[in-house]
């Protein structure tokens, strides 16, 4: 939960707005890419410093600056200066275990979301990282913890120039990115759904203490998703209700659409939680069932053999005067008694439905 | 939950408003039927293309276009063009695992609902599909995943021309369809109620691990209904509160009536959930009870025969000087001791109320 | 829950406002009684048809029409026509498993409540039926599923002419009836409270699987009361907040009083629910306790006699060279060992606090 | 819960506002005391009839009429007449199991609270009674079920004439009384907290079925407190938000202070509930632990002695040709085998960590 | 919970606003330190009496008076007089188990928070104390129960004179202190997180009743944190929404930032609660698992040896005519039967998967 490296606790005593990276540090270099486009033209380039983005920002059309990797706090300081961002916003960008939120700062809007990605190993935990968006009048800044394929389809869309994306403003581009993030939740949920189904099968066939641990593990993954999606829902709803002039009227329905998807993600998460709770009940009652079965075997064996051993014990006594011992058919008689006893027991057990 | 075929996860990377069918694909051909009516006349016909509906839409009276089957995305594209629907609305129609909702788009209203139908096999799961409604000034569009008997009574009512239906607008027709959908919930709930009762009987008579699985299965059906009805309630309440001019004043009370029915559905669902939770408690405690019974049998047997076997063992010892062995009535005496012991045990067990 | 006779599901396909009786049909004939009163005079009569009430309605003073029994839908149709009631209101009156509600229809107010009555047999289930009220400017209509003594005290009060009832309008009369219905809840709750107490005693003295079933049964009764009282609270609160001119200013405090009583009913219900939940915990832990006791007896017996049987078994061996067998005091020695072993065991058990 | 004497159910059929005492009847005589004070003077006397209070009420300064004991409904009727109180208010005063509430009746304010007092016997249940307050422009009426020391410190304060109390109006006096009532909750909670701690100790040392019953008993006490404090919080919050001219501006902060104390009472109650729930978990798991321990003893004994008894049994057989029996060291050899078996078992048990 | 020394219950009967210290009394002497600063200059001194602070308060710049230790109620009385604080505010400062709150008193704002600190011993309980803030137009008063290092970084920041702190008003200083308090929560949560992880390991390896008690202990710590953070969230949110002129416009975003941190604290707390609940489930099911294992051993042993002992018992009988006893290979035959029985049992157990 709380990683040993830079944590919130390590920031105690620093003034607010201090740029210290909080969260896991991912070691790649910071990368900056810039898009500038309108309906007619598109320029795409990698830039070396945030300052290089400023002249483009002032050109007509929409400017999209994407920053991958947060380890260079100098980049963020430059970003704050170039785009006039509040120090607390920069701090929120670096604090990569921030919960999703939306904030309207007048000149620009700030959105924090969490991206979930599937692990490379099929049994590994779901990986999550933070993405921050700053929506300005004609520009959009996105910050990711590390470069990834998440935004590639949007870049493709921009290059292809089809659909609404090149005809609309920075707010529509922001929507497209938020939509991509939420779509990613469906991918992760589908994978978790498959794990749950596999677990359900193994629960029916052969429950072990490992099954319990696997249920608890999945529960934790689901809970961690849940803790990201509920505030995301609030944040998108706040975008939807916002009366900021940075959001054009026609974009509202698109944010409403992302909101609907978030609700659907929440519904699926709640369904999974219910399923896992039901699996716990099945697991616990299957423990009881197995105990019942073991106990029945023990009881059947003891009930069968204890009386027989007693009978044998009787005729192992060494009394001088035990007339049965002298009888010609005594031994055979004992066997008859034994077999009758066994038969009576079996009838009793069958009546109790203890025999399979 | 998440079907292997086209799922939400498969849409990752596509721009919003892309018409891709999400959900189970049902293989029938798309069918289009058109009603045009007012108080005096009624026209009913099957049309080949959405475009054929446009001239009727502009005629006086109410025009109802019903579309069965969503596999032909071309039909939807044509629909969007002919009636001026937003691409996201078309996307919502195709995304057939959408949660119920109501949206006011100014020129038209959009409603999504889920229809539940009973399975053909008495033990099968409840089947659910999506129905979408677009309410325009003088027209209504309905989309179903596949043709079914759900709307037949409404068609009959239109043909018969009795009651309010022919005298009122598209909003009343929409209400009639929503009412039919909600009435269908009562049918499904009644069937589930019967299953719960049957399960309750088998729980009392002979609980097995299968009972538990059946309880969990019913719980899941109920939960899935629940996840559809709660947002439906919100949606209908939003219709009720809406100040859209597309809804006439006199129709409000009818939507309020559907709302009441939805609340009643929710009440029944919550009652069923309580009942199933109570059944789980009974199941678990009946496991404990059975264990108790098994243990009592074991304890009675062991407590009866262990002392007896010990007594027999004593007189099976081979000591040279064991005076009892020589006694004339020794053997008989042992039997007397044994019978007295048994009698004492039985009195003890009866006092403990362990004997039936 | 869902009775086999006319249910909601049986209405599928009928247009809204169709007058079909939904719920248990009670076989008595429909009875109509009419009161017309003001401070000076009182007229009371049984009438044959709803139409006979109309001339009285237009006379000065308050007119109260009470209808017992709903099986004659013709009466309801006539009622609708005579008093100008909306078809959906008539439908709600017939749909006798309706949840409590309040509706303001401008010209009149409509209230649905549930009346609970104690069973004739002391172990039977609580019986519930529906009562509907229509409050008009100078008239009140009440509908009950069957005639009963519920409203007799109010009739007595009217005849006696004491207190406020003859000096005030139809709204105060409606309040008096609602108050009588809520008072009835206290009667039922008191009886259920006695059953809970009796159950608690039997739980302490001798819990059986029947106790569990009785707890679950009471839980279901309480839940069914609860599902009626919560919406009733909402409905009365809506009456209280209503700004309808049909409710006089001075009556507000009386509705507030009924509201307070409803809250008190809810409080008692929640207390009972808590008590029943606590009883379930006690029941389950008492199962565990009894198992513990049984196991202790088994363990004590086995631990006492297994070593002894082993000792006896040793000296039952037939080895040629077993010096102890020849000893003069061997047999006595074995008995000494046995008694010492038993004494040691008893000390051990007492230290473990396993002996009573 | 519901006492056998006059209960709500016994009032069925009476018109609202009928003065019947509901709740336990406490047998002392009704006592009336009157205070009339302002900054300069203070008059304190016992009066015989409510009517004697009227001339004082109209004198300058604040008049406080305290009534102890409710059995004489004539006193209440006189009170209603003298001070112009609504019959329903008088009914609420007599209905002594009323939940706390605040009502603004324009000319006066009405507040109902519950006072909790510790039992005389250290194990007895917490006792609760009702106190009602009527705040008028220059007077305050308080009604208690029976005389008690609760208000003595306030009387002392009035006599001493220090602090704000003599300089302020009837609303401040009402606040002082409400504060005294809420302070009393802390006394009761402290006593319950000590009982919980004592129970926790006995839970750790030696859990018995009585412990469970004690937990349930405390839970019930806490729940009953809770049911009084939550509505009290609402009531005081309503006082705080009230815009009645009977409450002076400067008194607001004092009611806010009482509100804060009520919240603190609620916090403590919730903490106790959590603690009791945790104790239930510990109790149930300690039952399982004890069962485990008993089972281990049984298993160890059986596992040790069953193989040994079998070995002894083998050499107790009477076969003619059993070479071991003839061996010189056979008997000793058997003992060696037995001791080796025991040693192996003990190693096995220690590896399983079953031995202490 | 409720300490034996001065508690709320001990204040019963005192008028509101009485200055009595409620809570643990910490024995150090009261210490007063004073800061007076603006962008250019900074004065820092220890003062002997509250009165000494008054002349500084009226100087330009911001005056910060910090009071450590509350045992001298005279200091508080002087404080109230010097700064015009309401007696109830002074009482809240002394009542050191107050829940966090924010109050706007017009001339000044009052904030109560709880500071959590780690124990000196690694297994000790988390320690909590109260800090109160009074924000005036140009001054800030802080009160702590005892001197501690919490505010040292802020003092350092003031001395260093970097950042915003010297350029802004008393509200920003108050924010910095609140931020420091909330940062402290992260430190405590990190330590608790480590304890939870350690507990989780021991749960997997070797669960004991102590583990359960440790889980319950951690739960209680988390709950106590939770009860402080939820009202803190409300309080900070109230600061954020406040329209007091004592809060400058630019400070709003800083309070919003503290609010975000509080939400993050709450998220972590809820995660821990979920984890602890999951651990309880694992613990209880591991008890069942261990019982199952013990029972299997017992059943295997009994099932193996009971039939064998019976066989041996048969041939220990002393019947005169037992032909097997005379057979040459009888003894060997019995051994063959025994070994076959054992083999059959082992196959059976392996099929049941009871053998490891």
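In this document, chain identifiers A, B, C, D and E correspond to the written order of the chains, with residue numbering beginning at 1 in each.
Heads up, the rule we're going with is that a contact is a pair of C-beta atoms (placed from the backbone, for glycine too) under 8 Å apart; a residue touches a chain by one contact, two chains touch by 3 or more.
Note that the coordinates shown come from a computational prediction; the quantities given were computed from them, not determined experimentally.
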Would you identify the groups of chains that remain joined by contact if chain C were left out?
one piece
Distance between chain C and chain E based on Cα centroids, please, to the nearest Å.
42
Rounded to the nearest Å, the gap between Cα centres of chain B and chain C is 26
At which residue positions does chain B touch at least two other chains?
284, 288, 291, 295, 298, 302, 306, 309, 313, 316-318, 322
Can you list every chain round the ring, opening with chain D and moving on to chain E?
D, E, A, B, C
Contact residues on chain D for chain C in the complex?
1-2, 7-9, 11-17, 86, 88, 91-92, 97-99, 101, 103, 105, 206, 209, 212-213, 216, 219-220, 223-224, 227, 280, 283-284, 287-288, 290-291, 294-295, 297-298, 301-302, 304-306, 308-309, 312-313, 315-318, 322, 324-328, 330-331, 334
Give every residue of chain B touching chain C within the complex, in rising order.
152-153, 156-157, 162-165, 175-176, 179-180, 183-184, 186-187, 189-190, 193, 204, 253-254, 256-257, 260-261, 263-264, 267-268, 270-271, 274-275, 278, 281-282, 284-286, 288-289, 291-292, 295-296, 298-299, 302-303, 306-307, 309-310, 313-314, 316-322, 353-354
